[in-house]
Amino acid sequence: MSTVLLLVITGLGLGALYFLVASGLSLIYGLMGVLNFAHGSFLTIAAFIGWEVGRRVSDGTWWGLLVSALVGMIVGAVVAAATEYFLIRRLYERHIEQALITVGLALATVALFEGIWGTDPIYTARPEWLTQTTEILGAKIPNDRFLLIVCAALVLGGIVLFLRKTRYGLIIRAGVENRSMVTALGIDVRRSFTLVFAIGGAAAGLGGVLASVYYGYVSAHLGSVLLIFAFIVTVIGGLGSLTGAAIASVLVAVLQQFANFYLGGTGDLVVVIALAAVLLVRPRGLMGKVA
Amino acid sequence: MSEPILVVDGLNGRIAGQQVVEDISFEVPASGVTALLGRNGVGKTSTIKSILGLIDRTGAVHLGGERIDRLPTHRIVQRGVGYVPEDREIFGSLSVAENLRLAERDDRPRRELIERLFPDIHARRAQRAGTLSGGQQQMVSLARALVNENRLLLVDEPTKGLAPRIVDEVAAALAEAAATVPILLVEQNLHVIRKLAERVVVLSGGRVVFTGSAADLLDDEARIQRYLGVHDATDDRAAPAHAPDHDAATAIPVADTTEELR
Amino acid sequence: MNQQLTDSAPASTGSATEAPAPAPDGRAGGATSGRRPLVLLIGGIALVVVLAILPLLAIEIPGVLPGPTYTPGTLQLLAYAMLIAALALSYRMMFGLAGLLSFGHALFFAAGAYGLGMALEYFAPVEWQSELIFLASIVVTLIFGIVLAATVGSLALRVTGISFAMVTLAFAQAGSVLIRRNPGGATGGDEGLSLDIANVPDALVGVLNTRNLYWLSLGILVFVYLVVLWVERSRAGHVAEATRENELRVRVLGIRPYQVKFLIFIVASTLAAIAGMGYLLLQSGASPRVATADFTLTILVIVVLGGVGYRWGAIVGGIVYTLLDQRLTALAGSDFIAGLPAVLRVPLSEPLFILGTLFILVVLFLPGGIAGIPQRIRTGRKQHPVESEEAADA
Amino acid sequence: PTTSGGDAESTDAGAPVSVSMITSQTGPLAAYGEAYTKGFEAGLDYATDGTGTVDGRELDIEWLDDQGNPDTAVSLAKDVIGQGTQIIAGTVVSGIATALAEQAAQNKILYISGPAATDAITGVNEYTFRSGRQTFQDVATAGTFIGDPEGKKVVVFAQDTAFGQGNLAGVQAVLGGQGATVEGVLVAEDATEFTPFAQQLLAASPDLVFVAWAGASSGAMWTALSQQGVFDAVPVVTGLGDVATYGAYGDASADISFLNHYFGGASGTDAETAMIEHLEAEGAVADLFSPDGFVAAQMIVQAVREGGDTVDGMIGALEGYTFDSVKGEITVREGDHAVIQPMYQAKLVQDGADWVPELIDTIAADQVAPPAAG
Amino acid sequence: MTDHAVLALEHIGLRIGGARILEDVSLQVPAGEMLGVIGPNGAGKTTLFNVISGVVRPTEGTVHLDGRDVTQQPIHRRAAAGLGRTFQTSSLFPALTVLENVRLAAQAHTGHATSVFRTPRRTDAATAAARTALAEVGLADRAGTAAAGLAHGEKRKLEIAMLIAMDPKVILLDEPMAGVASGDMPAITEVIRGLHRGGRTVLMVEHHMEVVLGLVDRVAVMHHGELLAVDTPEAVMANPTVQSAYLGEPV
């Protein structure tokens, strides 16, 4: 019983992490049609700089973590916005080329991070409480999982509100469909797209800092590890559907936990089979919009 | 006559590196409907898109005296230009209401006007615009341009694919709009042009070949034949209301017209 | 089916509009004059002949090739490049021609490499003639590749666009995980599979015989090229191209696009498996890297680098990429780089950084890829519409 | 006769000897490659008394980057073999070592592998030697922590990779052979959540947990073991990695018993002193794989000095070669080229904010000698 | 089934998410007839064509083509059985040349459309058919242009050329005149007349009444998803409902 509970709650925690990465990915894909392979790099650079700043301010305390998170979000947003501004924008409406640019960017940046911070993981300190556990029904749940779950929920709520309640949401959705017509309605659509990237980048940045808490290290490959799962949950959830991504994140992570534990470490295999199965039955994913 | 609202001087437009509009010059007066005519492929749509900066262009374009040919599209539109594109280009995944809301540029949208002009559209506010019929989509497209207070409307084939009754309605709506805002109208339906247009600009092969009053063109069989290729009575048969005009218009030769514009 | 009821003309059905530019090379029935194909044919044959006698010559291209063309190191590099080019060519047929963006092409290359390696190991104890075992292993691997392609293809082609990419990715990931899991010790896990040379012809073993492996690779490349050419020129190829553009329209014409896509998928995958077999022999082993999604991405990068619109673009891309990959490493380790200040030294000593940046530049400024350069020079065309950042828009 | 099968022209005593060092200068294991490289330079300096020559012959050493990619490594090997190199050495990546061993056999050339720990290299063919320890030696060292294995239960907690599987097989062979019950808890390499597995370890109630872990996820893994209270229940043994990983064990650091191949200061031999001096002069520190490079240099010098120019001569010179190195006396076992060497037990102690290793015991070379292979 | 009806619709109904798009539409079209379909915007004309061509499956009713029930058949089967159509907004292969667009249509008709063992040649039957079709609509000089580069009216012509090359038995034309310059209408009208003259059955949605009236044998009027009337042009024009709902005031 406590094992099952442990699996479920740690699964939720992992799912939260997946979602933090996937939210930006899903936003950027869903709204701009850009399959962003550089998303992992946004996450990694945010984690590195967040860590560099956080540890100088106050290493291993809540205060330090908060600073890291803020810095991470800002860095993520800035890097993502710059990517959109300097690279993606020049290829508007050429989605394959845009995706390719991000592939190139991912290649180059991971190598660059290795050059700067080395190939070894750098272990990070974190607040005392996060290293402890809380006992629920006999299962000792590591506390950082709770932090992850709360942050993911906040991000989900925040982005959904943004899209529903602001005019930007509307502009962005229309701009995806027919960019030049939005311009012809007198709207500077480019700014909105940069904003989408910035928001996605900020979410990735937060994900990066939290991932370094979860894994206990930062490394040049932090992002690439998470990216593939983020892709999978984005697709299973239905491209462009944030709630879908959230649900899929939880499903995938919990499924993965159970398969890893009970089916001899086949978590990855089960997840990709699930991906194929979902797409074959529902090509648009769980919550994908009827195009 | 007051200052023209739009002055196009030596406009060139290219698509994918190919010249589609060549050295076009004309003016749109500050009131009434100016029709931009020509056969398929002569560059009418491209001219409008060049004015809006939707395709690469060179040459001078002035809107109300201000030079706009270096501005990005959204700035041009923000200066008070409404646009109804040729293929409707509504946002299919958005609802009708969202399409209209998106088009509102200020806090004084003329929603009542839209409701009155297009009751069918109003009734379908919540429908996904992509599922509207072709004609319904055309109305959304028109409504998007009319919802704002504009200084100039660029309207590209608004009656294409509309039922005759709707064509009338659209024409009426445009006529109403024309009372307050000048319109540059691309249109194939000569009846609509007859009804609305005061001046015409005719393109051929990406160049202006005729400029003058609507009557000068429409009442001259030979000119219609020469510029628009209409050479049988098809149009007249369906438009019995119009008796042939024998008004001896002072035909302005093309060369003179061009002169006049310089 | 979720077609829109009104105006069902799918101006943008799925990936159709995202498909890359078509091959502008001369097609039968196009406006090409009768001369050109002949010139191309002769040129092509001449090129192959030159490549074939390369091992007998001593051409040196300092900075590009590690040594004179007869040396094993250079031949090895060229052979490797040609196999990658063959793989890229097969990928281009799927992606560039039929618009099928697969993220799982590596699976079939790996199927060829691992399939042959495992078959050779499996047949090793059998008391047959060693040539026979070698041939049997190749045939078995081919059949395995085709069956795998048919299975994956029939499932993945039920969906389109990004879903197709993801289903192929899922299969490839499953394959990659299996290979790394090393079930029953069959694949060697992350340490890779080494070639059991017991039944491999002597002519294909050892550094002295690199030349033969070079010729083998050249043969594979030419073979793949001819097959791809054949398919692209055929009616099926044209239908594939049309399907990429507008699938609904093809169906309304009375043609079933599925058949064509399936055919292209199988042919491309089988060609990839053939290239994979060549790779196993050339490298005397297979590493799990060739089954990863990263490897597929590399191929995609190669195809784009070379120019999606051109068949020979894939070849140029494969060769340029491989050479760059090798030579950039040499550059990164050079004294010149070591002497630079840190801001320059750190990035420049990472070959992948240079490669990635180069790739970005190509996508941005050379939309036709390397193979598109002559065309651009000829037409003097500007780059594709880059949204101008007007001064007034401050 | 590919290279040096006794060709008359190459026996010219004054000619330089061409040695190709293939290792990771970039890629995931570049840091190991760096330690190996530095150790090699120190070893060469030591074995040639600072001359860099052997009996007056230059060693023409070329360093090549395998990028952690077997394909690159094979291409490089073929290139240098084609150019007539006589000795290939190096690599920290097991997958590359096996590929290079294959090239060595196909082309009849001497290959001395680097720190790659895989047991598969030992005895794989007559041309392949190794300069470091192998998994069996790690495992045997781990065994020394439980005294008499008879009747004890050992659980191997490892990643489901060749490295992890190799360790499990090693424990089964070594400790299982001595009467212990051995179980494995293998975790998928890409798993990121280890909490449930920590529970599984506890549920097995073993007498010893042997952890074989590589890569970035070790931090999270140790945290999970510590959080779930594994250290309170069972002694846990693992291999001590390189300096960069000392921080990875977190709060668990003090509770883990480490087996160790080498850390700076572990042996106190003359060779070690020489190596550390050399490294410090270069601005480097002694690390896990420094001795591997050092030994490789010594073996190459031996092969050149005693083996002449034929590969068979060099093999003969190395087989059974016993010499003093960083870790003490080392023997290249004749039958399978296993490198018989002492191993260490260590613990981590806190030193300010950092953790530093401290020697508990040195395990004699023969006590941890791997079973004969090949 | 009525044996002379080449196309027969029986009680076709279509509902999408609660909305009634088509309601109990039954229609028999005898072989060789030219039937005009008119109706206000949103009446369901395009949708009806989509049902006939298989782009949309009806929720009720059956479609018979040439006496065979094709309701469950995929699009390409129906097309292969001789059903051709155009789209309200031109639907082409933009990156292919004009000639290639048409040749694909011809190729589908000549069989072996997807063969790998056949290479299209400048001289083969499909290419010849394509050139003829292009000449017929007056696009011969645009053969080498990419379809994307055509002006709107030319695209409409290209659609019709594809139909000619396909040589179908039953043709559905969805607003062939939409966006065509008035000067070009007579020519296209002639092409359509030619299509019909070959004994083909043609259904045409068109808002240009002058074109409809000049061409068709009968007119079907749709309104709110229902078939109001099918009758001679004269009778339909005289129908007061049609007058008020569709034609409006005479201009």
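Going in written order, the chains are labelled A, B, C, D and E, and every chain counts its residues from 1.
Simple rule for what comes next: a contact is a pair of C-beta atoms (placed from the backbone, for glycine too) under 8 Å apart; a residue touches a chain by one contact, two chains touch by 3 or more.
It should be emphasised that the depicted structure is a prediction, and the values quoted were computed from it without experimental measurement.
S.K.: Shared touching chains for subunit A and subunit E?
M.R.: Where subunit A and subunit E share a partner, that partner set is B, C.
S.K.: Going by CA means, which chain is nearest the middle of everything shown?
M.R.: Central by C-alpha mean position: chain C.
S.K.: Let me spell it out: compute each chain's centre from its C-alpha atoms, then which one is farthest from subunit C's centre?
M.R.: B
S.K.: Could you tell me the distance, in whole angstrom, between the mean C-alpha positions of subunit A and subunit D?
M.R.: Subunit A and subunit D have C-alpha centres separated by 38 Å.
S.K.: Using mean CA coordinates as chain centres, what's the gap between subunit C and subunit E in Å?
M.R.: 42
S.K.: Using the average of all C-alpha atoms in each chain as its centre, how far is it in Å between subunit D and subunit E?
M.R.: One centre to the other, that is 76 Å.
S.K.: Where in subunit A do residues touch at least two different other chains?
M.R.: Each of 114, 268, 291 in subunit A touches at least two other chains.
S.K.: Can you tell me which residues of subunit D touch two or more of the remaining chains?
M.R.: Answer for subunit D, listing residues that touch two or more other chains: 26, 160.
S.K.: At least two partner chains per residue is the criterion; list those residues in subunit E.
M.R.: 16, 46, 88-89
S.K.: If we count contacts the way the header does, which residues on subunit C are in touch with subunit E in the complex?
M.R.: 1, 3, 5-11, 19, 21-22, 27-31, 230-231, 233-239, 241-242, 245-246, 248-257, 259-260, 263
S.K.: Subunit A touches which residues of subunit D in the complex?
M.R.: 26-31, 160, 186-188, 190-193, 195-197, 199-200, 216-217, 219-220, 223-224, 227-229, 244-245, 247-248, 250-251
S.K.: Taking the touch rule as given, give the residues of subunit A at its contact with subunit B in the complex, in rising order.
M.R.: Per the touch definition, subunit A meets subunit B at residues 167, 170-171, 173-174, 177-178, 180-189, 289, 291.
S.K.: Can you check the complex and tell me which residues of subunit A touch subunit D?
M.R.: It comes out as residues 2-3, 6-7, 10-11, 13-14, 114, 118-121, 123, 131-133, 140, 142, 214-217, 219, 221, 225, 257, 260-261, 264-268.
S.K.: Where on subunit E does subunit B make contact in their complex?
M.R.: It comes out as residues 16, 38-44, 46, 88-89, 149-154, 175, 178-186, 207, 209-211, 214, 244-251.
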